[in-house]
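Below, chain A partners chain B and then partners chain C, in two separate complexes.
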Partner chain A sequence: MTAVYKRELASYFRSPVGYVALALYGFLSGFFFINQYSGGNVNVSNEIMSLASFFVIIVPVITMGLFAEDKKRGTEVLFYTSPVSLFDVVLGKFFAAITLIAILFVNVLVHMIITAASGGVVNIGTWGSVLVYFFLAMLFISIGIFASALTDTQIIAAIISFVVILCVQLLSTISSLASSAVASLLSASLFNLNPEKVNSVCDKVASAISWLDPFSKTNDFRYGVFSISPLVYCASMALVFLFLTYRILEKKRWSQK
Partner chain B sequence: MIEINNLVKRYGDIKAVNGISFTVNDGEVLGFLGPNGAGKSTTMNIITGYLSSTSGYVKVNGHDILEEPEEAKKCIGYLPEIPPLYFDMTVLEYLNFICDLKKVPRAERKEQLASILSMVKIIDMADRLIGNLSKGYKQRVGIAQALVGNPDILILDEPTVGLDPNQIIEIRKLIRKLAENHTVIISSHILSEVQAVCDRVVIINKGKVAAIDSITDLSKKLSGSSKLSLSFKGPEKEVMNALRSIPGISNVVSIVANKDTSISQVEITISNDSKTDVRASVFYAMSKGNWPILEFRSMDPTLEEIFLSITSA
Partner chain C sequence: MSKDNKVDNSVKTKKNDGVKSDIRNDKLKLFSIGSFLILLVSVLAINIIFGLKINKTTIDDYLTYDMSSTGQNSVSEITISYLNSLPANTNIRIVGLFDKPKSLRDTPYEYIVPLLDDYVAVSGGRVTVEYINPTTYPSIISELDPRGVYDLANTSCYVISNGGNIIEIMPVDCFTYDSEYLQYGYYLPTSNIVESKFTSAIVNLTQGYSYKAYFVTGLGEGTHTQLSNMFSALGIESSDIQASDNFEVPADCDLLVINGISSDITSSMALGIQDYLGRGGKLIVAVNYYNTNVAESYPNLNSLLSYVNIRIQNALVMENDTSLQINSDKFNTLVNLNSAFTSMAGEATLLRNSYARPITTADTPFAYIQTQPVVTTSSNVTLSQFDENTGNLIQNSVLGQYNVGMYATYEGTPNPPEVYVFGTMTFTSDEYISNFGFNDANVVFTRNIVRALLKAEDTVFVEGKALSDYSIDTTKVTSNSVTVLTFVLIAIVPLALVIAGVIVYNKRKNL
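What follows is the complex of A and B.
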């Protein structure tokens, strides 16, 4: 696992990807920070959660090549024919991407120091936001890695992970859309249903979909209210996508098509 | 030792590999010969554990490649058709990465890499980016990668494809050197290449083993039906009749006939039971008729002809 981890992490900085990501993060975090700083009311949690909404751009960029490039170059043979487990390979790449995210986060740490020094808010809620930030990163990176294993074209991998992550970010919108769609369907005169029942069905549809939303689950962390279940949710979803990635790699070996 | 038993790989309705069995003995250089699409690469991919077989098994030094993959893979160094190189790394960085991947202990690493670099002659290139190397050097780095971890068995899939003649000779020299203390399997679709480096050949066609033979036995079998090509200046029909009357020649076929210059080329087939060397007789017959010989050579059998002679025999 460490072999793949070291290679992937170093390769981010052999290509422009690592530097572009650093520049983008420097600009975005700086923008969010200055925006608040000039307002006179600085809460780094706001900055962190704004950055988290940019995972939809940053994660596809840093994960798209992880497996797609190996497939295209033929270097994936190394993983299949070396005495390593494919799941270790998946984990190595996953942790390399997480580490890059952590390196990018150094920007925010600097802002936290500035905030604390100039009397702004750095409290338990801020650290809660940091925790949420990294658990969300784990979830989205595992989605990006999964997309990268699906294809041997980086751009397609990036588009797949962009769309999936966008859908996850828009889950609250999607849930209200879905419930109103169900409402208009059920309230058609054809079914002749009790409007109260229609409403309760719609509520259930909306709550089922929004249950999946990692953002609303973790919303209270920034106020210092911690709970374990949202973290377990993110970590286990990440594990599911990593496991699926592993199965996709194994499939190549066993495929008979 | 590698034991390959009744290997089948099915892709949909097509059997890319259809019941291949053979063993590779320790210290042997085995040539794996077949036309494109015969199933060479698929078989090699199965032996190295890259693909699984539909049925049948591969045992490497007694370890089944699917049951005990880690043990089996430690014994094998593999150079696929396209060398698995990261173009953004230097040669040394790349080989260190392979050391990590193959779990070479840190203490042995420096010494091992030094000996590999000198063996494949890429010491001067150690700090160059792989993407900037020539194709021949990339192939060497690919072989170096296979040597990491000191495997007993080397599997090289078409190691000289796409190289220029000088590089081909260099790589063949290297393979011969490696053969001194490794078991080597080389695939190729070029007969002369296999003849140059191998002890024994497995010829496969359409996913099946067509022949397993030592090089000397194979060339004996092939020389039984050898052919000569002759270009001369003179009347074609007369010459062909004269040649046909020589004992030991079973057939003479015209290939090129140019009436203006009266230069012709014929193909002479020597009969299987001929004990005498017909080449001298051909020379005297031509000299007697005063027909100058312009070119006279034995024709190397092509792979297709080998298949024909092997499958028809």
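What follows is the complex of A and C.
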């Protein structure tokens, strides 16, 4: 796993991908920071959570080539012939992407130092946001890796991960839309239901979809309220996607297609 | 032989619709799908378990920790112990009459929603919180307020209900605001009193109001919303009593407050209040010397106060000791709290004072009247008065020490009257309490004298909480530093990285 990790991490900086991601991230984080700094109020948690909403762009850029590139070049055969388990390969690539995210995050650490030096506040809520940021990164990177394993075209991998991550980020909106759709369906005279019963069903649909939303689950960390379940949710869902990736790769051992 | 047979069986192929496949493939496929499904179900189960309830509290609530320094999102020990003292079958229902806010960031709800979740977590099932939009569920209005006393349909408020009674709390009322900004329509919060509001509502619903206070109105006074909030949090129900010639203090009055009146009470009112004091009444009087009342010498009020040997002078206290002036202002100063009262102000010895009148003893010659200075200026004070004709300040050159707050009672009497008189509004005005919040020493002092007057030291009271302050040192944030940082962080660093990426690409493109 270490060999895969080192190879993938180094590959980010042997191609423009790592530099472009760093530049993009540096610009965005700098923009958010300066916006607050010039106003005399700096809440680094706001900056971190704003950056988390840009995972939809950063993560596809970072993960699109992880497996798709190997498939395209035909080097994926090494995964099956090298004395290393496929899951280790997946983990190696996953941790390399996480490390790149950590390198990007150095920007925010610099902003935190500037804030503290300027008499601002870096409190427990800020560190809560940092924790949430990395758990969300784990989740989204696992989605990106999964997308990359599905195809041998980087662009298609990027589009798939972009769409999936966007859907996850818009879960609260999707829940409202689904609720309205269910309301329209049930309100039709065909069912003849009591309006409050209809609303009750709609609320349940909306809350079932919202239950999947990692952002609403982790909202309180930025106020210094730490909870175990959101972290377990992000980590376990990341595990699901990594396992799915592993299964997709392993499929080649038995599938004839 | 049998082993070989097994191998043979496992590798045998089957013909199915012309497609030749290995049976091992099917097994591996089944294993692959099965193992994934098992993992998925396990993950979902683990995450669902966090939402299960034990003693009406979810496991997730047990595993949630508020580590913020101000405990903004956690209820205090005072609230927890009160909730735990209630019978286990108590049902306090908190209903937000709107959809649960999805984005809390930078809204008042960021201080309310997580805190209410904590009420549920610590109450052992005694408190429930729901968000029900009356537009979607119209029946909730009649369910909460069957008599239609409140206008719940048109207000996005929280309703706390218990035993058929309700109290409504507007989210906007869960904070104190800077009154200067408020004048221009801007709400700049100065402190968070969310827990104070909700806990006092719960206390008042479950054990009822313990005391009754009346504010004298109709004499050009300001509002007393913040003081009423404070009283409510202490279990004191407050009402207004209009100034009139047939003024009478109600029999259920435990505390009478004459707060910031700019015109004098009538002589009949003085008699009515004197009668109330004669029955062991408790009275707080606060007036200052500012704008609308500089010409008012309050003869009738002084006539009333002479009953307890106190007099309010018609003059302005001017502090000449620069170490006690706030922002070099002779009229906004610090005053010394008498050592007998320091324990009532959280051990503070200096309190804020603004445009004060001196309070002195009157000439009432009865030994049983005990007066005591409460807050006192330095001995470097001169008194001044505005000339009504010219509007100029006429300054008395004689230096002296003056009281701006006094306390009086009767000694050796079974049910003695007790009176606090302040020549400043920095203890009781809405403006002051709003600007400085419930934890300010002056406000803490006011709260404690009310508790002492009503012998209500044991009442449940939750302090306000300071809001997180993210401002940075303005001396360090110059326009130059902002320009330099903007240039470095938004232009130079990203550009340097892009150039590095281009160089790497050019060097490696032919490899």
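Please note the rule applied: the second predicted complex is superposed on the first by the 257 of 257 C-alpha atoms of A that agree within 3 Å, B and C clash if a C-alpha of one lies under 4 Å from a C-alpha of the other, contacts with A are read in each partner's own complex, and residues count from 1 in each chain.
One rule holds in what follows: contacts are C-beta pairs under 8 Å (C-beta built on N, C-alpha and C of every residue); 3 or more make two chains touch, one makes a residue touch a chain.
A quick note: this is a predicted structure, and the numbers were derived from the prediction, not measured.
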TODO: Please indicate which partner A:Ala3 is in contact with in the superposed arrangement: first for chain B, second for chain C, both, or neither.
DONE: first
Open item on the list: Contact-wise, after the overlay, does A:Arg253 reach chain B, chain C, both or neither (first, second, both, neither)?
Closed with: both
Open item on the list: For A:Gly125 in the superposed arrangement: first (chain B), second (chain C), both or neither?
Closed with: second
Open item on the list: Contact-wise, after the overlay, does A:Phe13 reach chain B, chain C, both or neither (first, second, both, neither)?
Closed with: second
- [ ] State whether A:Ser82 touches chain B only (first), chain C only (second), both chains, or neither.
- [x] first
Open item on the list: Contacts for A:Arg73 in the overlay, against chain B (first) and chain C (second): which applies, first, second, both or neither?
Closed with: first
- [ ] Tell me which of chain B and chain C touches more residues of chain A.
- [x] C
TODO: May I ask you to decide whether A:Gly224 touches chain B, chain C, both, or neither, giving the answer as first, second, both or neither?
DONE: second
Task: Footprint overlap on chain A, where chain B in one structure and chain C in the other make contact - done: 14-15, 253-254, 256
Task: Residues on chain A engaged by chain C in the complex (per definition of touch) - done: 13-16, 18-20, 22-24, 26-27, 29-31, 33-34, 37-38, 40-43, 46, 49, 107, 111, 114-115, 117-121, 123-125, 128, 172, 196, 199, 210, 216, 219-220, 222-229, 232-233, 236-237, 239-240, 243-244, 247, 250-251, 253-256
Open item on the list: Could you list, by residue number, the parts of chain C that touch chain A in their complex?
Closed with: 21-22, 24-25, 28-29, 32, 35-36, 39-40, 43, 46-47, 50-51, 59-60, 63-69, 72-74, 102, 104-106, 110, 114, 136-137, 139, 468-474, 476-477, 482, 485-486, 489-490, 493-495, 497-498, 500-502, 504-505, 508
TODO: Using the touch rule from the top, collect the residues of chain A that touch chain B in their complex.
DONE: 2-4, 6-7, 10-11, 14-15, 73-84, 253-254, 256-257
- [ ] Going by the contact rule at the top, pick out the chain B residues touching chain A in the complex.
- [x] 9-12, 48-52, 54, 69-71, 73-74, 76, 78, 80, 82-89, 93, 97-98, 100-103, 145
